[in-house]
Amino acid sequence: MHARDFAAESLLIEEEPYYQPVGSEIALFEAAYASQIPVLLKGPTGCGKTRFVEYMAWRLKRPLITVSCHDDLTASDLVGRYLITSNETVWLDGPLARAVRCGGICYLDEIVEARKDTTVVIHPLADDRRCLPIEKRGEVLKAPKEFVLVISYNPGYQSVLKELKQSTRQRFVAIEFGYPEAELEKTILMREAGIDARTAEKLIKLAAMTRSLKGNGLDEGASTRLLVHAGKLIARGVEPRAACRGAIAQALSDEHDMLVAVDELISTLF
Amino acid sequence: MHARDFAAESLLIEEEPYYQPVGSEIALFEAAYASQIPVLLKGPTGCGKTRFVEYMAWRLKRPLITVSCHDDLTASDLVGRYLITSNETVWLDGPLARAVRCGGICYLDEIVEARKDTTVVIHPLADDRRCLPIEKRGEVLKAPKEFVLVISYNPGYQSVLKELKQSTRQRFVAIEFGYPEAELEKTILMREAGIDARTAEKLIKLAAMTRSLKGNGLDEGASTRLLVHAGKLIARGVEPRAACRGAIAQALSDEHDMLVAVDELISTLF
Amino acid sequence: MHARDFAAESLLIEEEPYYQPVGSEIALFEAAYASQIPVLLKGPTGCGKTRFVEYMAWRLKRPLITVSCHDDLTASDLVGRYLITSNETVWLDGPLARAVRCGGICYLDEIVEARKDTTVVIHPLADDRRCLPIEKRGEVLKAPKEFVLVISYNPGYQSVLKELKQSTRQRFVAIEFGYPEAELEKTILMREAGIDARTAEKLIKLAAMTRSLKGNGLDEGASTRLLVHAGKLIARGVEPRAACRGAIAQALSDEHDMLVAVDELISTLF
Amino acid sequence: MHARDFAAESLLIEEEPYYQPVGSEIALFEAAYASQIPVLLKGPTGCGKTRFVEYMAWRLKRPLITVSCHDDLTASDLVGRYLITSNETVWLDGPLARAVRCGGICYLDEIVEARKDTTVVIHPLADDRRCLPIEKRGEVLKAPKEFVLVISYNPGYQSVLKELKQSTRQRFVAIEFGYPEAELEKTILMREAGIDARTAEKLIKLAAMTRSLKGNGLDEGASTRLLVHAGKLIARGVEPRAACRGAIAQALSDEHDMLVAVDELISTLF
Amino acid sequence: MHARDFAAESLLIEEEPYYQPVGSEIALFEAAYASQIPVLLKGPTGCGKTRFVEYMAWRLKRPLITVSCHDDLTASDLVGRYLITSNETVWLDGPLARAVRCGGICYLDEIVEARKDTTVVIHPLADDRRCLPIEKRGEVLKAPKEFVLVISYNPGYQSVLKELKQSTRQRFVAIEFGYPEAELEKTILMREAGIDARTAEKLIKLAAMTRSLKGNGLDEGASTRLLVHAGKLIARGVEPRAACRGAIAQALSDEHDMLVAVDELISTLF
Amino acid sequence: MHARDFAAESLLIEEEPYYQPVGSEIALFEAAYASQIPVLLKGPTGCGKTRFVEYMAWRLKRPLITVSCHDDLTASDLVGRYLITSNETVWLDGPLARAVRCGGICYLDEIVEARKDTTVVIHPLADDRRCLPIEKRGEVLKAPKEFVLVISYNPGYQSVLKELKQSTRQRFVAIEFGYPEAELEKTILMREAGIDARTAEKLIKLAAMTRSLKGNGLDEGASTRLLVHAGKLIARGVEPRAACRGAIAQALSDEHDMLVAVDELISTLF
């Protein structure tokens, strides 16, 4: 275990992350970056949004600061706050201010989970003003041209209470993510889980079946990540059916009938 | 990246912002300003309300202080608060108090998003008392005649919970904003995105189609800002259909059927 | 811009405010004041409640302390709180305690907007105990006979959640306010907006039409204040129809059909 | 204006409060006091519950501490809290702890308005344990036999959300209050408002009419307090009908039809 | 009045509390205590749960710490917190930690009223881990074998929102309490209220009638405690019917019809 | 009673916990541990999830840190916070940070009870980033390969409001727990409660009956833990029927009809 501090250089992704492009997402991201328009990534969990951002950070050689958004994330958590210590009062930049200062990529993951003040605080950064007012310091940070704001969310989860307001989403260029094509997914599985082509194909067939059940008893189909999990367990010697039950079926659902149905799918494949 | 402090002179807009008048909004704003009546801007996102305020600030040569309102914005955030440091207790003016002191324009963007105490705190500033009581300091700030309060909101979003109370709105002169006429919008697009007239016309046709879908599957039509985004991507070499999908279709909606429909509109145009 | 501190003498209204009596409200207020019974003002926004209180403060030569109530106004905001500075802990009287100490008029505007603890904290001041317990200081302030509590609210807004409890309202003598008679309103308009009699009459006719729409598409009719706004814009050279649209129609409603209807009314008059 | 501190002797009621007994309430209170059982007063606003407690405090020669309960009243507000000053940390007894220490009467007015923790904190004081645990000081106060807890509420207001739990109410002996008999009320009115017998009789007739409207358009009928208000205004020279409208009709209701009806009642009497 | 500190010895019940066993509750409690299984007491208000715990504390010679649970009781209130004074930061054990340290009985009265974090904080103490993690001190308290956790609740009050979770209740041995048999209740009444056998019998008949009305207009029947209250008032000379009305009828209900009905029951008995 | 501090060595389970494997759960856990995939345990209360984690901690020789999740558990409670003492400001690692630093097992029991920010804070630890950003210190903890995150929940309790999001659950390999087979449960009962085979068999029959009532009047059937409780009471000499009523029937339900039914089951067995 070792601590990494937040200095800009340490936030650079040094090694090229393994990323398989699905369509024109790289070109679109680069054009938005060059035009200084922020980017919105849409798509289900486990389909590679986070990996894509890491890849683009490596490609553009920009520091990456990731924030997992949640119900209690406030504007101060993003912008910064004063910290009272016994000797002095110190200002501590939040991740958004840090990213602006160092001209990095600020990635707000699952933005719709955050409180509304968080989505509003990014507005002046997300239009052509490109500035971050830090009220508490009486300071306005002007973003350098290298700074880019990236947000993501999963449209499948959006409820009325947690939807992205038009005044927010109309500030972004959007890129949609889905599950990779079968051939591409097979390549990913073999490389990431260390399994053979046949096992990978079976897992992908299983995934396709669960994905077709989305909306018919399953909230989501099996993501590529789940297939990697099952593959890794199999590679460690776990019996394939047990691996698929633990890493895929049980991870997807708690419904008894659905679990029986997925178990049958598993038995027909392995 | 450089920090700009809040001293009044530094809040002046030095360069004339690009603004194309739509109707008599400039005359109306100037008469209200001269009569010391506050101004309310109404209209959808991305139609130029913020740009208009920046333009008027430049024209009237007044410092501009903008506040993006949100659920957690309190009266103290606007008025000011005591800051306890290790050596002393310092009063820090909020943006509203700062604007009053320097006789500037205080622009509260999306006022209905703020908590109710925020809308009440502006009442004494918004009638002929024109003063801001700062309870915590036992002080009453009297606004100079140059000070003007500007608020904005999007009537399309107003829910019962978040509507502007009559006792608030009846304190303002209201100016309504909409999308610019086609000719005007074309001029804006060509200048801001750097595209040719033909591409601009196609984008405007696409916008008109989405705007007619408002209330029939779309919450909002494409704003001028979205057209500028698409234009910029096209100018950077992105294939026009991909640019329109990312900057317009995906930015407007997550609904599969609606996305297919907008995609067809795009294909008939490009 | 100059700061006025809260010393009692500085809260006196030095100049007679322009106030046109509507009925026996002055006699009723003076009898309640002499009997040490608190006063409740009822009526729609913009009909002169605040001006009336300022007038009575001037007439009775009592300091006036006004508090705009809101959702987050707590009992401590009214009564006072300890302020911790680096050197010492200082007690800061709230506006209610200040008004009691200096025998002034404490005017709580839109009382129903305040939190319930606020309405309860005034109970001992509003019956024959006439005292304000300051729990945090272990002190009970006894109100001098000059002190009077005045509260206001708009019955048109009262929801079930925000109604004045019987145990509160039965402590007050109530005075109802409405729109002034046509002749009186004309005098007010000509004096406050600096317009001629004919324009004033037209504005009053327009107001009467909107007031008859109250409950039929409008939450409120145009108040006298709105007419003054329109008049001032006209006096500044704004075209009368544009002035009425901005200062009256758009200030009253966002509904498209209603705006068209009010616009037609405007066109028949100007 | 003079401050009265909370030392036990200063909380004694020195002068006999004017109180007209309605039934056996004095005997019942005295027996409960002698048996060390707490007392619950039930009844509508303005019928003399507070005056009765003041009278009993005078009669039993016990200090009286009154707390108006509200939504934000916490257990700490009642029991006490530490106060951090710059030099030291001081414990400040809340009103309940003060009353226990000095063997006084603690009167919690409108108890159902308080938060639930408040009603629970009185449980150990309200059964035969008769003690108040002060968790924050690690101290248990044992109540002396002179201490008595009195609570009140208005059954007419009780909603499902704000009812007194059985585990609370079954700890008290209950005394119900209503409006006084006509003869008694006449005596009270003449003495408190300084009016003649005929005016008093008319006011009582008016009160009886409004009381019969309770539940048929009025939430409450006119309390004795309202009659005293009207009487005082009349004694000050206000025209009787105007006095009744301001002090009774407008204080009871905002409904136009109801106000017209009560106005007619007033006109038939005066 | 004298303060008792929380040192373990001072929390011992020195005198045998008057307790009449109803069934095998003493044996069951002792076996659970010896097996180090926590105990859950169920039953309506006023039937002796608190008295039973005091009796067992005396019998087992263990210090007793009682906490009345409520909506705002947090885990920190139970476990402890740091207290910042001007000179140092002191840790203050909460009642639960105190009880664990001194091997006492911790009695959480009306546990379902507490916030959910409170019920979860007792889980590690309520299974065979028998430990209390104090996160804030980085300390795990191991309970000595003499420590026992007792909780109580009234099943009659349980709403969906406030029910004991299975993961909580399945950690306890449960003992149910009801009203005592008539003979036993008579003995209790005569001893506690100091009344003769005939009066006691009449009160018990009255109680039986009200208990049969539970669910038919009454939330609860009259508890033994209410009978003791009525008996004490009668012993002090209050007329029996007035005593029963104040101590029983009015304490049970506010409904006019129900009060008339109970009054008739009272009149047939006394 | 003795305090154990949180140093890594002291969190090791020194003695082998008594654990009877039910299926392939040990192999699955070990493969997930070796693959650095986090583990999700599903199953009803009292079926041994906590014991299993303790067993795996002993087997893998890793320190175990357990957190009982609840409504008020925040991200700061897990990650850590600054503690202001009078002399200095100290950072206090939360249990999650502690577990990461010492390469231990962090077990979040009943994760769905926690606030949403808690489930999000574990995301970067639960995918291949395996890091814990500590925003307040500007530090990113990288988890050593020995660290493993384990969470548990009871699918039977999941409500719409408290379900595990797909973006969370798809990060884990899931292991499902149920009640042990009869033979195994008998072995457990005899060993843990110290009862003979016949009594254990009767208890297991009783459990089976209650388990078949799940969803038909019972929220849950009797867990193994409840049988151990009843067995222990019987071993202490409590009459078997009374033991079963207190430890099983009353612990499962408050419904009168259900209690009568379970009592009859008990009577037919003992």
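Per-chain numbering from 1; labels A, B, C, D, E and F assigned in written order.
Following the convention adopted for this analysis, contacts are C-beta pairs under 8 Å (C-beta built on N, C-alpha and C of every residue); 3 or more make two chains touch, one makes a residue touch a chain.
According to UniProt, the chain labels map to these proteins: A, B, C, D, E, F = CbbQ/NirQ/NorQ/GpvN family protein.
All of these numbers come straight from a predicted model, not from anything done at the bench.
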Distance between chain centroids, defined by C-alpha means - chain C, chain E (Å)
52
Taking the mean of the CA coordinates per chain, how far is chain B from chain C in Å?
30
Whole-Å gap separating chain C and chain F, where each centre is the average of the chain's CA atoms:
60
Shared-contact residues (touching 2 or more other chains) in chain C
84-86
Chain touch graph shape: choose line, ring, star, complete or other and state it.
ring
Could you give the sequence of chains met when travelling the ring from chain D by way of chain E?
D, E, F, A, B, C
Seen from chain E, its contact residues with chain F in the complex are 24, 27-28, 31-32, 34-35, 37, 40, 42, 74-75, 82, 84-89, 100-101, 103, 115-117, 119-121, 123-124, 127, 129, 133, 135-136, 138-144, 155, 158, 165-167, 169-176
What residues on chain B touch chain A, complex-wise?
1-6, 44-46, 50, 66, 68-73, 77, 83-86, 92, 94-95, 109-110, 113, 154, 157, 219-220, 222-223, 225-226, 229, 232-233, 236-239, 242-243, 246-247, 250-252, 254
